[in-house]
C-alpha cells in the first residue's frame, strides 16, 4: 500500500489530570497532536504506511513532539527542525454539563514561520498515493497556505488522491488574508472533502436547502458543481448530550447518493479530541482497502466512536478492533 | 462591591484517589473546605470580594489550610492561629450504587476550642455588606455558638444582610446544648435562610403541608411568621439517581411567591461536596449584582450544577461560565 | 464460623491507568487476584474466616501476591512457595463501546507446575466447613486437576460443603486432557454449582429448553439428575449495555424452585473483574449465616453489584454495606 | 519459633510526596506505623512469628491500619476495635540541611482511651516467647501505662523474655503522671533494654561517666544495678551528617562486656522512620536464632541500616538480605 | 512592617517529573515563578508583607499564575490582566554530572507587551517601604524597561529603599537596546545591589582586581563610585560540585567592609531554581528586622541554602526555620 | 552514515516507583529494553541510523515494546511478530547500601522461540555498515545462537564491522549447550569486543596476568591471538561506592596500546541499567565519526556516565551533550 502524506502543525497539548481546572493542577498531562498528523498516526495504527510533514523548533520540545509521532509509526523523515517554539494549548477536560475548554498559545510557532521552499514536494510525494490536509494549515500563515497549495499541486501532478478537512476556524485567520479568498483554490484540488453546511456557507457562500439530509446533499451538489474534482463529501453528525456523552453518525455523498450510518452512543467520552481526525483516517483506510462506500463510512464512524474512548489525540486502534465494532459488538463485553 | 464575610470551621479532607477504599490507598488526595468558607471562595471566583473568619492550629497543617483559601482569593486576615489540631475527615468516593462515605475526625479542633473574644466583629465587619453562616458552626461548641451569635448581632447592628444555611446535622451537637434551643435565636437575625422542610421540623417544630411545592411554601410562611426578619427562603431539591448521577433544581420563596428552576442533569458527578455551598454563593452573587429572584435562582442552581463537575469543595467557575449554563448551554460542546 | 477454603491460582494483574492502552502507559497499576482466592478475600471482608491454598514462586513477586491476600484477611498458611514464575495478565480497561481486553501470560507458572502431594488436604481442611473451587483450576495442568480432585474427595470425606464455579474457558485447556473428560468427576462432588446454560452444554452435553427462566430450570434439573449431590445451582444474568454500564441479576434453582432478583444497574462500572467471584462469596455468606435462599441470592447479587464499583479483584465491602443495598438504598446518597 | 508479642499504638502517617512541604501537597502518601508494631512487622519479614496488640477505632481508618500490618504478616487477632479516632501525624521529609519535621495529631485516640481489661494477657501470651514494648506506650495514658504493666507482669509470670525501648519523649507525657514515676516499675520487669545515656539520666537519674564508650558502659552498669533483671543494654549511635546522610553503629553491653559495630554509611537516606525499631527487631531475631552477641549486634545494625533505604516504617527485608550486608556487601552492586 | 514591592514577569515552569527528559514525560510538573516575584513570596513566608506587580494574560493560565502567588501570601491587587500569553519555560532537572537544562518559550508574553501607563506607581507604592527589581525585567521590552525606570523614580521620590538583582542575561536583550545603555540609569537609583564581578564588567565596564575577596571589594568600590546611592553590594559564591551537590556562601560589601559566611553544603539539591531570589528575600528580611550586616548575611545565605531543598521557585520556610540553620543546626536531625 | 544493526531480545521492565519494594507497590513503572537494542536506541539519539532485529509476541504487549523503540528512532521494520509472550523482569531499585535487585521472568519468550529462517540477513544488512550483538542472545536458545551466527557470517561476508559485548551470564545458559562451546565461533567473527578478564577466563580459558592494567592488556593480547579478526578490546571499570554512587572509567586495547580515561563520578545514580550499552553506543559513534581511539573512549565513557543519570534503559542524550561532558563540564551548572 502506498503512503498517505499529511501536512500541518503539531502542537503540545497540556491538560490538568482528570477533571481539574488549570488553577488547581500541580501537574499537566502532556501529549502532542494536530488535525492532520492525527490522521497519519491513526492510519499507521490501522496498518497503512503514513508520513507526516511539518516543522518543529530545533530543541528538546520539538524533538519530543516528533518522537511521539514516530513512536506511533509515522514516518517523520521529511519534517524540518527550525524555529523557536512549538505551538501549544491548554485543555481543561469538562464533564457532564461543563464543557471542555481550550486556551491556545500557538502564535509565532516554528510551523507558522516555515518557508515554503523547505519542502521538496516532488521528493516527499514520490512513493505516496494520497495527500491529506486540513483547513487549519492555510489559516496559520501565508507561507503555510502557500506550502499547502504547492503540496496539492504536486500531488495532483503526480496523480495522488487529495483529501481535505475544510474545518473553518474563524479566529485562526489572523495573518491578513481571508479564508474566503484562500480556501477555494486549495479545495479546487481535492477529490474528497470533509465539510459541514456551516463551513460551506461561511467559506464558499453555499446555501444548502433545509432539512438534515437535504441540506447535506444540496451542499455536496453545490460543492461538486463549484469544485469538479470533488468526488466525495463526508461529515459526522454529533448529537452531543453532554461533555461526557456523545452520539455520532457518519454521512456521505458520493456518486449522487446519500449515505448515513446509525448513531453510535459514547458514554462516557474519555477524550473527544481527534474524533474527527479518526473519522477521516478510517474513511481513507476504507478507500485504500477497497471497501464500498457504505462499508467505508461505517468503518470511519466506528473508528471515530472508538477514538472517543482513547486517551490522547491519536486513535490507538487496529483495523480488527474497528471491524469488531462495525460487526455490532458495541456492548463492551470483556475480551479475554 | 462590599465584602461578604463567612464564619466557620475549615477542615482537611483526605480521600483515596479515584474510587479506592481507604484500605487500598497508598496516597490520599488532600484538599480543604468548610460549609461557610466554600461560600466565600465560590464568591471570590465569581468576582465578589469575600473574607473568611476562622481558627486554625498554629502549625504547618493550619497554615496549609489558610494558604489554600488565600490562593482562591479569600481574604484570611481575620483568621486566628491558635490551638492544636485541624479537624479532618476521610472521604471515600463512591460510584453508581455505592454511596460516598465520610469518616469524621474533627473533635477537639482549634476551631472547636476558640474563644469568642478572639474575634472583633465590629472591626471585621466594618467594610462588609453581608454575613453568611451555617448551622454547623453553632453545633461545634458553646463558644462557637456564642461567637456566631455575636457576629450576627454585630452584622445586624451595622446593617449587613445576614444569611444562614440551617443545615442540621444531629450527630454534631455533642457539647451539651440542643440545636432546638440554640438555633432559633440565631436564625432570628437572618434575612435569607437555606432550609429544608425536614430541618424546619426538627429544629423549629414546623409542620409543613404535604406536597412538594406546598410543603416548601407552607414551611417558608411559618418560618417568616416565626422569624420576621427572614425575607427569602431557598433550597435545592435533589433527585439523586446514583452516586454518579444527580439531578438538582433550585426552589425559593420570596415576597409571597414560589419559584423553581428546571432540573439540571449531572452525569457523571465529579465531586458533590460543596454543591449546596455553591448554590448559596451563586444566590448571594445574584442578590449583590441585582438579579431578579428567578434569575438569581437560576444562576445559583446552575452554579451548583457546575460545582458537581469540579474537583474539591470550591466552585472554581467564573460568573461568565455560570451564565453560559443559565443560557442553556448544557450540552458540553468543546469551547475553543 | 468454620473456615471456607479455596484452591487455585493467583495471578498478577497489570493494567494501564485510567483508560490508557498498553502502548501509551508509562506505569501499570498492579494488583493480584484469582477466581477462587477472590472468593476467599471477599468472604474475609464479610467477616467469614477464609483460607486460600495455592502455589507461588519463591521470590519477591510471589511474596507480594501472598502479602496482598494476607492483608485482606485471608489465611495463607497452607500456600506453597516453590517454582519459577507467577502467572500474570495485562488488562486494558475499556470504556463505553470499547471492551476491556485481557492479554494472558500465565503459561508455566508455579501453580501450573505444582505437585499434588504438596497439599495435605486432611490437615488443611481439618477446621474448615466449606471448600470452593473453580473450573479454571483443573484447566491449568493435569497436576492441578488431580489436586482439585483430591481436595474435593477429602472435603466430602470430612463432610464439608463443596461449591464450584464451573467457568469453562475453552482456550485454557492445553495440557492434553479435555474438560469434558475431567470436569464431570469433579462436579460430581459438589453441593452447589455456579453454571450457565452454555457451560452445561459444552461440558456436560446438557441441552436446556429454550426461554430465559425455563432454560436455567431445565439445565439445573438435568445437572441434578446427572450429579445427585448438587442441591443448588446459581448464576448471574448480565444485561451488558457497554463497557461502562452493566445490569445484573441473580438467579437460582434450589429444591425444585426457581428464584431471581431484580436487575441492579451499575453505571459507571469501576472494575468488573471479580464480579462473579463476589456473587459467590455473597451467596456462601448467606448460606453460612442462615439466610433463606431468596435473601441469600439478593445478598449475593447486591454484593456483586457493589464489586463493580470497587477497584481491583476483591470485593472490599462489609456485610452491613451489602445489606444497605439489599434494603434498597441504591441511590448512592452520601453517608456521613 | 515462639511468637514475639508487641503492644502499643499504631498511627496513620501522612507525608507530602518527595520533599514537598505540607502547603504545596495535593496528595499525601499514607502509611501506618508504631514503634512497637514496627518491631513485630520487621520480625515477620525476618521469618519470626509476631503478633501485635493494639486498639483501633471501629471504622474504615482503623481497619485500614490493621489491614496494613496484617499484610506484612503480623498476627492482629488480639487487637481491639473500639473508640473514635486513629492517632495520626504529618511528616514533611527534609533533605540535606533541612530536617524532616513531624506534626503530631494523636491526642484522644482509640489507643489512648483503651481500658486495660480489654486485654486478656494470659491468653494473648500463651504461645509467645517474647514481649516487647516501648516507652511511648505508658506515656499515652494512665490506662495504657497500666496495661503495659499488666502485660509485663503476665509475661514474667509465664517466663517470657521482656524487652523495652525506653524511648523517652518528654512532651508526650501529658496525662498527669511523670515518666520518672511510671517507668522504673516497668523497666524493672525487663531482660533487655534499649536505652541512651540521655534517657537514663532523665528517667532514672543515672549519671554516666564521660566518654563515648565509658558513658554507655557506666550507664549500663548502673541500670543493671538498679534493675537486676536486665541482662543486656543496647543502643545505636547516630553520626548524622544531614537529613540525607546518616551514619549508624550498634553498641551493646552484656555480661560485663562492651561491643560495638563499625559505622554503616547511608547516603542517601530514603526513610529514617523506624530505623530504631528495625535495630530492635534485628537484635531480637539474633537472640531467637541463637547468634552470639557480636553477631546479633551486627545483624541488628545492618538491619537498621537497610531500613533507612526502605520506604515506610517497616523493614521490608529478609534475613538473607541482612546477612548479605553483614557479610560486607555494602557497595550496592546490582543483584540479578 | 511596610510592604516590599516587586515588579517583573512571572512564568509558568513545566518540568518532567523526577529526572526524566522531555521526550519521555507523559506529564509535566507545573509551577510558577519569576526572579522578582519569588522574592516577594519568600518575604511573605518570612512574615514580611509583600506585593508583586506584574502583567498576565486574561485567561485561565494567567489566573492560575496569579492564584499561585496569592496562595503564598503575596498581595496581587496591582497586577494587570491583559494580553495573550503567559511566558513559560521547560526545565529538565539534571542529576550528578548532567546539568539541569532550560528551554525558554517566553517571547511575546503579556508582560513583554505591557504599557508603562498601566501601573500607577505612586498609588502602588503608597504604603510600601521597599522596591525590588531584577535585571531581567528591563531586558524583556522597551516598555518593561521604561516601567522599571518609572517605578524606581517613584520609589526614590517617596523615600523607599530600592534594591536590584543585576542579573545580566545576555540573550534576553532582544528588543533593540543594549543592556549597557539601559541598566546604568536604573542601577543609579538603587541602595542595594546584588552583583557579580562578571556582570559588573559586562554591564558597566568595571574591571575588578584579581582574587576572590579582592575582586568583590574592588568591584563594589567601583560600583559605589559610579552609583553613589548604592550602600551595599551582596552576592553568593557557588562552589558547584554537581547538579546534585551545591556549596554556597554569602558575601557582602558595606560601609567599607567585606563580610562573608562559611560555605553551606547542600547535598542533594532538591531544586536550585530561586536560590538567588531567596538569598535576596533573606537579606531584605534581615534589613527590615534590624539585623546587623553579618547576621543579615548569614540569614540570607541560610535561607538560600534551605531553598535548595524546597520544590518549586519559592522559599517555603519560616524565619524560625532559617534561624534554626543560622544557629548551626545543619545536620538535619528529625524535628518532632 | 550507514546503519548499525543490532540483534537480540527486548524485554519489558517493571519497577516499583522510587525505592519501593515489590510488595508495597500499587503501580509499576514500565519501560522496555535489551542489551543490544539499547545500543541501537542510544545510537539513534546520537544521530546514527540504527535498526534493531528482534522477535515479539503478536499482541498488545509486543506492539508496545516495538513502539517504544520506534519512538526512540530505531528502525524496527525487520522485527518479527510471532509467539506468545514478551520476556519481562522486575527491578527493585536500591539505594545506598541496598543493592538493586532483578527478578527475571523471561523463559519461553517469543524471542527464545524464534526460528533462524525468519531473518533474511542479506536483505537486513544490505544498507548497513555495522553489526552489534551481545553474549546474552546466544544464551537464550539454540535457535537464537544459530541466528546470531548467521547474522555474523552475513555481516562478515558483506564487509560490515562486527562488534560483540561478550557479557557472560552463567545462569542464562539453560538450553543444553555450554557458552564455552558456542561463544568462540561467534567471537571469531568480531572486530571489536567488550570483554572483562573474568568473562575471558570463564569463556575462553584465558588467564590474564595480575595487575589492573596488565591484566587487561594481557587478556586482550590473548584474545587477539586466539581470534585474529579482533582489532580492539574495550571495557569499563566500575568502582562502585553504593547503589547510589558509582565511579566508572573506560579502558581500551588497540593496536598494541592501552588507553584509559579518568574516573567519572556519578552521585547519585538515577538508573544504572543500560550503562554498559551506552558505553558501547558511544564507542561505535566515535568509530563511525572518525574519532581517534582516546577521543572515542572518552566519548564512550562520558556517554555511559550520562546514562547513569537518565531514567530507563536508553541513553537519551545528544552527541553535543556528551561532548559537553568530555570537555570537562561535569559540575552540572544549570544550562539556560
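In order of appearance the chains are A, B, C, D, E and F, and numbering begins at 1 in each one.
The criterion applied here is as follows: a residue touches a chain if its C-beta (ideal position, glycine included) is under 8 Å from a C-beta of that chain, and two chains touch if they have at least 3 such contacts.
Chain-to-protein mapping (UniProt): A, B, C, D, E, F = 2-dehydro-3-deoxygluconokinase.
Here the structure is a predicted model, which means the values were calculated and not measured.
Within the contact network of the assembly, the step distance from chain B to chain D comes to 1. Residue contact pairs shared with B-D exceed half only for one pair among B-E, A-C or C-F, and that pair is C-F.
Our note on geometry: chain B versus chain F, Cα centroid distance of 62 Å, whole angstroms. If you average the Cα atoms of chain B and of chain C, the two centres end up 45 Å apart. Mean C-alpha positions place chain A and chain F at a centre distance of 41 Å.
Residues of chain A found to touch two or more other chains are 21, 23-24, 26, 67, 101, 268. For chain D in complex with chain F, the residues that touch the partner chain are 264-270, 305-306, 308-312, 316, 321, 325, 329-336. Residues of chain B touching chain E in their complex: 67-68, 70-73. Contact residues on chain B toward chain C in their complex (touch as defined above): 18-21, 23-24, 94-102, 104, 169, 240-245, 268, 272. Across the complex, chain F is touched by residues 14, 17, 21-23, 25-31, 59-61, 63-64, 67, 84-86, 88, 90, 92, 101, 103, 105, 107-108 of chain C.
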